[in-house]
Amino acid sequence: MNRQAKHTALALGLVAGMVGYGTSAMAQDCTNKIGAVLPTSVDWGKPIAATAQYVVDLINEAGGVAGCKVELVLRDSQVDPKVGVDAAKALVDLDGVQILLGAVSSGVSMPILTSVTAPAGVMQMSCCSSSTAFTGLAKEGKTKGLWFRTFATSGVQAAVGAMVARDKAYKSVAIMYKNDDWGQDIGKLIAGDFEALGIKVTGSVALNDGQASYRAEVTEALKGQPEALYMALYPKEGTAAVREWLSLGGTQNMIVANSLKSEEFRDNVGLKYLGNLVGTDTASPRSQSASAFVDQYTAKFGKAPSGPGLSNSYDATMIALLAMEAAGKGADGTKIASMVSKVTDSSGTPVTADAAGFKKAKDVLAGGGSVFYQGATGNVRFDANGDVSAPAVTWGFSDEGTKELTFISLTDVDSFIASMK
Amino acid sequence: MIQHLVDGILVGSILSLGAIGLTMAMHMLRFANFSHAELLSIGAYCALVFDGVFTAVYAPLGNVIGPLSLTWALSLAILVSMAITGGSAILIDRLVFSRVRAKGGELSMVFASFGVAMIIRNALGLIFGLQVQLYSKDIVFATVLSRDPLLLVKPDQIFSLAAALFIMVIFHLMLSRTTFGYSLRAVAENPDLAQVSGINLNQMITLIWIIGGGLAAAAGVFYGLTNQVNPVLGRDLLLPIFAATIVGGIGSIYGAALGGFLVGIASNMALLILPSGYSPAMPFLIILVVLVIRPTGLFGEERA
Amino acid sequence: MIGIISYLIFFTTVAAILSIAVLGLNLQWGNSGLFNGGVVAFFGAGAYGTLILGGTSQTAHLGGFEIFYPLALIGGMVTAGLMAWIVGILTLRLRHDYLAIATFGVAVAFENLLRNAEGLAGGAQGLRGFERPLHAWLGDGFTYNVFFLIFVLVLLGATYRFLEVLIRSPFGRLLRAMREDETAALSLGKDPAKIRLTSLIIGSVIIGLSGGLYATFYAFISPQDVLPILTFQIWAMLIVGGAGNNKGAVAGAFVIWAAWTASGWGLSRFAPLEIQLYTGSIQFILIGLVIVGMLLWRPQGLFPEKLVISQSGRTNRSENRE
């Protein structure tokens, strides 16, 4: 209970602090509205929204965008496509936003894209939608170049997960994945990768959201007595499944996707059981600002960023605002979208993912140069379909939160993926 | 195979407790109460609060009992929680169901229960947060009962099963040995006739809510003990509990108890045939099979 | 200004699509006393049916038959009707709460099937639809939305007319007779199970139409569109509007959908940020309270059912229903 109360107090304090930021720092009397449709009413959605708001506050501190203060209009999607689409439509039509952040679930982002943002020419940037359907849509030209996501395609994470298993010389692995679009995708990918590396997959078990007990599923996964366990789960079912797994004598050799990079998960399972856990994630760049996001986040929220999608949300907001800056005052969504490549240009001037970096980017852009944004998820680089590729990192849990284990550069990731084919 | 069977029994005991209360209310008040499972959530959170309170008041209560992760404080909290949840059930009935009942349309009650469930679930989420909570963060390792075939059981689960059975036996004795049990059964059989024989129907309704709420609270705590506590646990257990009720036959208390175990076992065994992704559909398939083979359930009687 | 009009057209389209589903439910519940706890399954059957039949070719799963759009839409409706037929046969002989629970279960199982059966409809990734009909002429902007709104309104009007005629027909009288006093109807030689089954199927076909239009409008459907919350929303619309009255059903759809969206808009506009992070929960509680409040204080809804009094016996209707 105490912990609960503390967290609530903390959250309220933070939010109060943010509101303070939002109102006091700025002197300009014009505002650039941007919209966000995020599932604030869901446990893991709330921090994603708070992160986006935090970026906006940072930018306002740094003088705003295109000479104006930025205002984030946040709408709850309730993970309900109807509600999300309506919210997006209201943001576009009533608030006149040219940038829409969101949504999280592909099932909400997709109808927003097809029925709101693409027809209206508004740029949409999602932190976390992973469905491969977007790539297909983009290839057909139906996203009109307005669609971006900072969530690296699951292929990288799956490949790195397989790489970990190979390096640890695991002979057999069981897979547990969340039964949603992301989980189904990554579950299938990693099963293929394991097989390509000659690692036996003893079982691949889907875990449904909101199920009373995962006991049967865990028993099923334990059956082949695997040497290691791979998990693409969210903290809620991950906690339940791993506690069950451990208590039934399952191995502590675990490989997990970034969705379990969560303190809630670590605390509820117990650090002592997680010593052999290796996580995968897309990486921070190897630069001075490597820990910029982590440090700032820790300072702001009192704990290291953990939980799915936070750094993706940070980057999504940051890149969107950089593009807005590059496009100049009064630019429409199409113009802003076309500027994304200019702020994630690998031959441009590198800028860090903080207020100082944003100020620097402003100067460079004002001088007609291009910028290479060094994001919280890595040297973000979009391809023609709005998909991002990034270097990877492996991590483990520590007393303070998480610690980085190894860094795998983009070229290493690419050549490893190629070697499995 | 054996493992799935045993797991099913262990999960089933929780469903049984939930289904007993539901079947009584459904039979007597004649409506499918979609908010019954939320009583499990109320019970689970209630115990969470009082567990904290008791431990804070007298620290030694925070010690675990034997090999369990259950503390003395939590076992006391279960009792308090049962009482409070029973009280909440009455309160909900007084505030909503009895009034809707008085206005007519028993089917309106079904929808009222939809609304009540929504309010309770989201209020819990608002008060306690949406994240997972645990009574104890320690992981208690399962005991190996047999190596071949491999059979693992967690002490907490054995305790939950034993406690659930104990509660059911007490309830059985109450039904079969006390006047009050007779009245309850009389009302269940035929409310009109029971009233003629001088049984106060309203008192009986109150009683049913207390019992139903109390059993649900116990189920909620046992669920929390063996799994986790979160605001949507009631929603997650709703369909399995309904399935248990239908399998047993609406109105049959013993049927509900047995139905819980059957649904638990069937859901666990299903994984041997179906891919795990399909498991949420299991309770529905069970309902379907029962409706085809024996529409009144195992012990239910035909009643319009 | 154009923004407001554009939004209103969008809003009206969604509300009109939902009111078709509410009309379907009204036939089942308002006129026949059938508790359909799985509205979303029939809605989803219509939506998926339409997209699978009419969609463009997809490699990974079934579908892509590229059937002429109106036929695809009808195909979706038939899918919904078939599902209702199966559920009805199994449950309608039994006491009423079996139907409530069975349909609720159907909805859960339906969502689960679509989430897993990737070969059927893309699994959790969802099913991407066809180009909206007449897309080539109208583009996908404002003009298209106006056109589609008119299309939906025409169908809404047609459904409304159809139901009005239906409930005034002998069949409609039969439905109400059954709802009020089944034994009496039985004694007159009517077969209640058959009549209720017909009503369940017709209602579900209408709900399926609504689903088909919904999927057409978004050109996308995924398991997320068919979660139980939609059932709850549609029920809320009917209860608030007034069960038994088609005008009420439509009004209820608009009122509840407006309240749902406006509360989200209002909270985002006026509520402090710390409250905003809780808007989802608060909204659900409010809607729950509205439902319960309506049932307590105005169970007949905003537009009460107009009683067709043909005999003097109607006065003690409420006692009969207890």
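The first chain written gets the first letter, and so on, giving A, B and C; residue counts start at 1 in each chain.
The working rule: contacts are C-beta pairs under 8 Å (C-beta built on N, C-alpha and C of every residue); 3 or more make two chains touch, one makes a residue touch a chain.
Bear in mind that the values here come from a model prediction, so they are computed numbers and not experimental data.
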Between the pairs B-C and A-B, the one where more C-beta pairs touch: B-C
Chain separated most widely from subunit B, comparing mean CA positions: A
Where subunit A and subunit C are represented by their mean Cα positions, the distance between them in whole Å: 35
Distance between chain centroids, defined by C-alpha means - subunit B, subunit C (Å): 31
Subunit A and subunit B: spacing of chain centres that average the CA atoms, whole Å: 38
Sites on subunit A at which at least two other chains make contact: 41-42, 46, 179, 206, 208
Junction residues of subunit C, two or more chains touched: 112, 115-116, 278, 280-281, 284
Two or more partner chains touched - positions in subunit B: 275, 277, 280
Subunit B partner contacts - residues on subunit A that touch it in the complex: 1-2, 4, 7-8, 41-43, 46, 179, 205-208, 210-217, 219-220, 235-236, 239-240, 243, 246-249, 264, 267-270, 273
Interface residues, subunit B side, partner subunit A - complex: 3-4, 7-8, 10-11, 48-49, 52, 128-134, 137-142, 144, 152, 154, 223, 226-228, 230, 232-233, 235-237, 240, 267-268, 270-271, 275-277, 279-280
Partner subunit B, residues of subunit C touching it in the complex: 29, 33, 35, 37, 90-91, 93-98, 100-102, 104-106, 108-109, 112-113, 115-116, 182, 232, 235, 239, 278, 280-282, 284-285, 287-289, 291-292, 295-296, 299, 318, 321-322
Residues of subunit C that touch subunit A when the two form their complex: 3-4, 6-7, 10-11, 14, 112, 115-116, 118, 122-126, 128, 140-141, 144, 217-220, 222-225, 227, 229-230, 260-261, 264-265, 267-269, 272-274, 276-281, 283-284
Contact set on subunit A toward subunit C in their complex: 11-12, 15-16, 18-19, 39-42, 46, 49-50, 53, 73-76, 78-83, 85-87, 89-90, 92-94, 96, 105-108, 110-111, 114-115, 118-120, 131-133, 136-137, 179-181, 183-185, 206, 208
